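Report on one structure; see the data block that follows.
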Amino acid sequence: MKIALMMENSQAGKNATILEQLNTAVEPFDHDVFNVGMDGENDHHLTYIHLGIMASLLLNSKAVDFVVSGCGTGQGAMMSLNAHPGVVCGYCLEPSDAFLFNQINNGNAIAMAFAKGFGWAAELNARYIFEKAFSGPRGQGYPVERREPQVKNAGILHQVKAATMKDSYLDGLKAMDQELVRTAVAGSRFQQCFFGNNQNPEIEAYVRSLI
Amino acid sequence: MKIALMMENSQAGKNATILEQLNTAVEPFDHDVFNVGMDGENDHHLTYIHLGIMASLLLNSKAVDFVVSGCGTGQGAMMSLNAHPGVVCGYCLEPSDAFLFNQINNGNAIAMAFAKGFGWAAELNARYIFEKAFSGPRGQGYPVERREPQVKNAGILHQVKAATMKDSYLDGLKAMDQELVRTAVAGSRFQQCFFGNNQNPEIEAYVRSLI
Amino acid sequence: MKIALMMENSQAGKNATILEQLNTAVEPFDHDVFNVGMDGENDHHLTYIHLGIMASLLLNSKAVDFVVSGCGTGQGAMMSLNAHPGVVCGYCLEPSDAFLFNQINNGNAIAMAFAKGFGWAAELNARYIFEKAFSGPRGQGYPVERREPQVKNAGILHQVKAATMKDSYLDGLKAMDQELVRTAVAGSRFQQCFFGNNQNPEIEAYVRSLI
Amino acid sequence: MKIALMMENSQAGKNATILEQLNTAVEPFDHDVFNVGMDGENDHHLTYIHLGIMASLLLNSKAVDFVVSGCGTGQGAMMSLNAHPGVVCGYCLEPSDAFLFNQINNGNAIAMAFAKGFGWAAELNARYIFEKAFSGPRGQGYPVERREPQVKNAGILHQVKAATMKDSYLDGLKAMDQELVRTAVAGSRFQQCFFGNNQNPEIEAYVRSLI
């Protein structure tokens, strides 16, 4: 599994801590972690708006399989990621949230709170969330006897998003202020991850046109 | 403020409890509460997918100002509502979430967990969330010195959604399985709220065409 | 109601914040607040051990009616306070904890976490806890139909503590390292509260003997 | 490590669920689990008061090394256990609480909430708590640089309890209503655990005298 971690300006100072916990949690598994957002307060400036665009590009081009995002409360990141087609982003404050989201909603992204409730043990809580997010099977339902309607509804959510969103993926990105997308794709670690792993020449060409 | 409460099948049995807490919490204020989802396990069957469509219609037609939704974990409702243009839905597990969402994101909907963590005192926790969600000013920023970028980002999120979504609001609804929309608008309490308060003849005409 | 707030060295820097929230929360009521622990990192040095002794003296002499204590996680303060006769200290992480503790256990102290989970909105969470801790009736049971056994068990807990503890209150305090008690009673704000309000000449004489 | 699980009447119906999670969590380790409280709603009736006496007997006689207790909110169990000498009982609502309690307070018991917040995923949360409570080293401090004062304070807490409590352990138990102790020791699973593992002939003789 290819996992991208992306953090924005307000909590960028915590990136090293969160990255360490993510790496520790996925160590027993065959996962690759890409740290594609800000890695400190002086890094290339990103907001949760940019995180949504970055997640959208990475997931829709299949450069990564899963995105871990967040901001102060995580709500901005959560809504920003869900504003894009092909991104199904849950909100995780504690380990069981990650487990339930995997079993019930089986999405491809989570948003976390890196300031709200972030005191002693917050880095442990993050690790415990990652442990549950990236181990075991997914889409099994919870409670298990509700699996069938839960899997069905997860599928219908994709259809609903396909309906409300523009028919062509790139039309949506092109319709927004191109300065937003340009900033979103400007980071060197993002580019390394995107260009090294994307499987969609059309999306790649669009990203290249902005650099 | 006009507030719609909407609950789906998996937790419909808790509707009376949640409605009572919502009414109690908003009593000191000049708010109207509309209970537009399922009011019991034998009511007209709705999933979180339908809640998204209902919230979209009520908010975009200005029939209500705010939507309280939820499901077992609240994640399905949260993502389903955010899949629609004009809906900015936060996720609230505790009172301070509601306060922060109002101050930082200033959206028009929240999703709550009506099964996860729902044991003793859950109805109190719901009331405390409503107390913080529906009192005091909004959009003041948190911490207050971050108000300016937070208000700005909330505005950009609207632009991003406008870009990724179809240009015409009704085109999105018409592009999805019409059976979904038909079910979403079939409830008598929903219709009472929608037809009694909507301010958009075009959306109203579309809804009437489905009944 | 006379309420004492007491904080120890590891989180002393947050005293002003917590005191402000406590004062705000009790403003609508006829409560007096005494800030008897550390009021900053450079104040007279106290640990959660001292908080237990201070709470014991204030409550057993009826100088105050209720104690709000805490430390990094709140666990040390909680256990330290409960180690004394006449102190019944709950543990509160969120508003509903305070409500339930009042209704079910009806104790005279709470311990809070001032570092664990203490990030954005922690000061709000503290205020919401105080709002529920210091308003409304107590000892009503939760759920209400369980009131009778809950009230009964709260009474038996007092008997059990009376049995396990030394028969004479002051014998217990005198049996411990007197340097601990001396430090506990050395603060000027503690002394002001204790000497100004205590109703037990014997306890007062003991405290005076240590100064 | 010998671990006793003990539950009281209000949540006895959840014993099988909690026991299963505890067994699953400790499976990778060399721990023995004893289910010494109520195992269903029709079992020998126990309150949180009895749990305190049972924990006191098992820990002070070294029949077990650690006690997992709880009640509706866990507050009654927590205070009841802490009312006894030789019992150092923390309060755990989420996995990081267990980790912090081990590192900072290094006690020999925890109390959990089996009704408050007990909804979907509560059994998972219990398992995650057990995973963190019963793996890894203890008493390492948190943050680690605070280890020294934290270990020291944990030691002083023992001295304080020794001072406030009666000098002879059994005097305390004998000073309380003997019907309470009699009920506490009447369960067959408790007796099996106690008589099979206790290392204190004097305590054993006292317990035998009550049967």
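We call the chains A, B, C and D, going by the order they appear; numbering starts again at 1 in every chain.
Convention: contacts are C-beta pairs under 8 Å (C-beta built on N, C-alpha and C of every residue); 3 or more make two chains touch, one makes a residue touch a chain.
Owing to the predicted nature of the structure, the values given are computational and were not obtained by experimental measurement.
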Handout entry: Shared interface partners, meaning chains that touch subunit A and subunit B
Key = C, D
Exercise for the section: Determine whether subunit C and subunit D, two copies of the same sequence, contact each other through the same residue numbers or different ones, counting it as same when over half of the numbers at the interface appear on both sides. Expected result: same
Practice task
Tell me the angle, as a multiple of 5 degrees, of the rotation that maps subunit A onto subunit D over the C-alpha atoms.
Solution key: 180
Problem - Centre-of-Cα separation between subunit C and subunit B, whole angstrom - result: 41
Problem - Separation of subunit C from subunit D, taking each centre as the mean of its C-alpha atoms, in whole Å - result: 24
Problem - Mean-CA-position distance for subunit C and subunit A (Å) - result: 44
Problem - Junction residues of subunit C - those touching two or more other chains - result: 72-73, 96, 100, 116, 120-121, 142
Exercise for the section: Quick one: which bits of subunit C touch subunit B in the complex? Just the residue numbers, please. Expected result: 94-96, 99-100, 120-121, 124-125, 128, 132, 142-143
Practice task
Name, in rising order, each residue of subunit C that touches subunit D in their complex.
Solution key: 10, 47-49, 52-53, 72-73, 75-76, 78-80, 82-85, 88-91, 93, 96-97, 100-101, 104-105, 107, 116, 142, 146, 149, 153, 156-157, 159-167, 172-173, 175-177, 180
Exercise for the section: Within their complex, state which residues of subunit B touch subunit D. Expected result: 72-73, 113, 115-122
